[in-house]
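Got a structure here, written out as structure tokens. Questions coming.
Chain nomenclature is as follows: A, B, C and D, assigned in order of appearance, with residue numbering initiated at 1 for each chain independently.
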Amino acid sequence: METNRLEAFSDGVIAIIITIMVLELKVPHGPDLAALAPLLPVFLSYVLSFVYVGIYWNNHHHMFQLAETVNGAVLWANLHLLFWLSLLPFSTGWMGENHFERWPTVLYGANLMFCAIAFFVLQTSIIRHDGADGLLARTVAGDFKGKVSPLFYAAGIACAWFFAAWTGLAFFVLAALLWLVPDRRMERAAQTPQG
Amino acid sequence: METNRLEAFSDGVIAIIITIMVLELKVPHGPDLAALAPLLPVFLSYVLSFVYVGIYWNNHHHMFQLAETVNGAVLWANLHLLFWLSLLPFSTGWMGENHFERWPTVLYGANLMFCAIAFFVLQTSIIRHDGADGLLARTVAGDFKGKVSPLFYAAGIACAWFFAAWTGLAFFVLAALLWLVPDRRMERAAQTPQG
Amino acid sequence: METNRLEAFSDGVIAIIITIMVLELKVPHGPDLAALAPLLPVFLSYVLSFVYVGIYWNNHHHMFQLAETVNGAVLWANLHLLFWLSLLPFSTGWMGENHFERWPTVLYGANLMFCAIAFFVLQTSIIRHDGADGLLARTVAGDFKGKVSPLFYAAGIACAWFFAAWTGLAFFVLAALLWLVPDRRMERAAQTPQG
Amino acid sequence: METNRLEAFSDGVIAIIITIMVLELKVPHGPDLAALAPLLPVFLSYVLSFVYVGIYWNNHHHMFQLAETVNGAVLWANLHLLFWLSLLPFSTGWMGENHFERWPTVLYGANLMFCAIAFFVLQTSIIRHDGADGLLARTVAGDFKGKVSPLFYAAGIACAWFFAAWTGLAFFVLAALLWLVPDRRMERAAQTPQG
């Protein structure tokens, strides 16, 4: 099986996820600027999740450029990733509406963690199908960010749980920034030990 | 007519169906973990329907890889399938919000049954267009799961109606698991009698 | 400009229109079958609009198979069609929630009429771009249904306005059935006078 | 990286944005024509935003026809544009529900401005990747509308803020009309000084 229809379907699902999150930004009734103030945490959590879904789309795009064909296991691993991504509008909404309180922030971090695990499972299923000599297998060996970000989510969940929600949130923002920083220098650094 | 635009349109509709179901998971107002508890049945019914829509996308994908061209009848048979799939967010929501009571569970099973019938009609319309020697016709001959799952839905509807809703639900979960189990061994077993 | 991106974008918009209409089918709170009864008119209007959007997707698909390239005017004529289609979820919802009363039925008919006009404008803009010798121009000459259905909408609007809503609705259902009937015989009949 | 998947994903997101805006047109409860009257400003703001999203899709389509490949920076610049576009349903809804009062109109103008800036950033990132000799770089040199429309948004924001909301709105409508006018004559005029 070729990858194009899997990519088109995933594009569709991710496009909807990234867009329906904005529906949590309920239109306020008053025409004053003050009516926007209570929406600020909802807006900020929307920005964070938009960036995360964008990161996943980016990584999904890169990964499937390196995959040549797919099998049934890859299709299901992909649906598994889409499942956890599809919960982001819910966990984002809960966190935003409750102004970044403890449990919503922990749940948000858990959602990010499950997305990361699902992405790893998908990657592994492609490599198992393509063989250890495939393009993806060789690229993943030097994948610094993919290995580090789950640690950020775990640290963030622990901090939100036992200290304060904003410390956990800081880890989730940092992990997102890590992905936004241009790749080149960081990837070279990560690849040197293996070279 | 080639199949790509039919596939792209179906991907779009299925992607939206699988994603808007999550909108039934209404964001709770309180920030406590206890606020999530009433959502559990809604969440579980979402998981079940996500798996079912995923199964249909998978099967749709496999089927149209074997179809070479389509005609007007196939276009309408495809829209007919999409119609029944589009009702899944409704029947899922009704079942989840009413904690798997009798009638919502029966309706959910009926919806699954209509989807299965519509899939069968679509398959038949492709085979009629492609001819009995087409790739799809030969593959379908050994299609064990497609023949067995309607029996599961019928049994589930009857059990939910006359016994208890959870017994019906068990059949719907079993039928979903049947599709998730990797194909090879089961399909070989199913094909042996014909070989 | 080639037609593929215009087709992909239109597929996306039409897929969303056909799917979000189902959101008007609000999940009832009670678990009894009686709770579904008030939804019947909403459901029936959903079925009718699903069929209409399906018809438009079908016709759009056929039309762009005959168009080779597009220009800016075609892009805007296409967006104009998508605009009127995008209002169908609203007019469908108003008609369904008010149990097919007079004004909602008139508005629904007007919406269908504007869609038909927009489709005609789009067709004309493609023919103007492709030239009167293009494939589409020659096919349209014998297009019986496209010429007859606006008369049905006009008659339906008048009947709903001055007599009873259900008489108008009957015309809208008839016009939809006209498109669902397999093409061959009818089209041959329509083409004979010109042949 | 080729541009097709970026285009497909953007098509999906833009298709959803243009369609979910119609969800702000809440179905009224009464069956009288009078029940539609309060929806008029919501409808008019929907029309305006539909046209704007259509303009962005059109320009996005034209721009990526001139781009040959993309890099990571272009992917993120594209997501950045989609982010501001995704806020249009919110700012449109706020403006429509409050009957074009001052602050909602200012916010709407600011949203348009951010979209224009994001489009410019995306254009620049493609040109930086393709080189100053690329097709896009040469076309952009004579891009009259792209340079003028931010001035309209700025003027509109200032007018809505200090005078009356409708004067600001007039600028936003004018800027939209500017894009709808067929290109040829205007573009030739704009290109002559450089020729």
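Everything below uses one rule, namely that a residue touches a chain if its C-beta (ideal position, glycine included) is under 8 Å from a C-beta of that chain, and two chains touch if they have at least 3 such contacts.
Small disclaimer: the values here were computed from a predicted structure and weren't measured.
Taken over every residue number at the interface, the positions common to chain C and chain D amount to under half, indicating a different-residue contact. Taking only C-alpha atoms, you rotate chain B by 90 degrees to land it on chain C; that is to the nearest 5. Remark: chain A and chain D have CA centroids separated by 27 Å (rounded to whole angstrom). Look at where the CA atoms of chain A average out and do the same for chain C: the two points lie 39 Å apart. Chain contacts: chain D has residues 8, 12, 15-16, 20, 23 touching two or more partner chains. On chain D, the positions that touch chain C within their shared complex are 7-8, 11-12, 14-16, 18-20, 22-23, 25, 27-33, 36, 47, 50, 54, 57-58, 61, 65, 180, 182-183.
Interface residues of chain D, counted against chain A in their complex, comprise 1, 5-6, 8-9, 12-13, 15-17, 20, 23-24, 72-73, 75-76, 79, 82-83, 86-87, 89-90, 93-94, 97-98, 101-104, 107.
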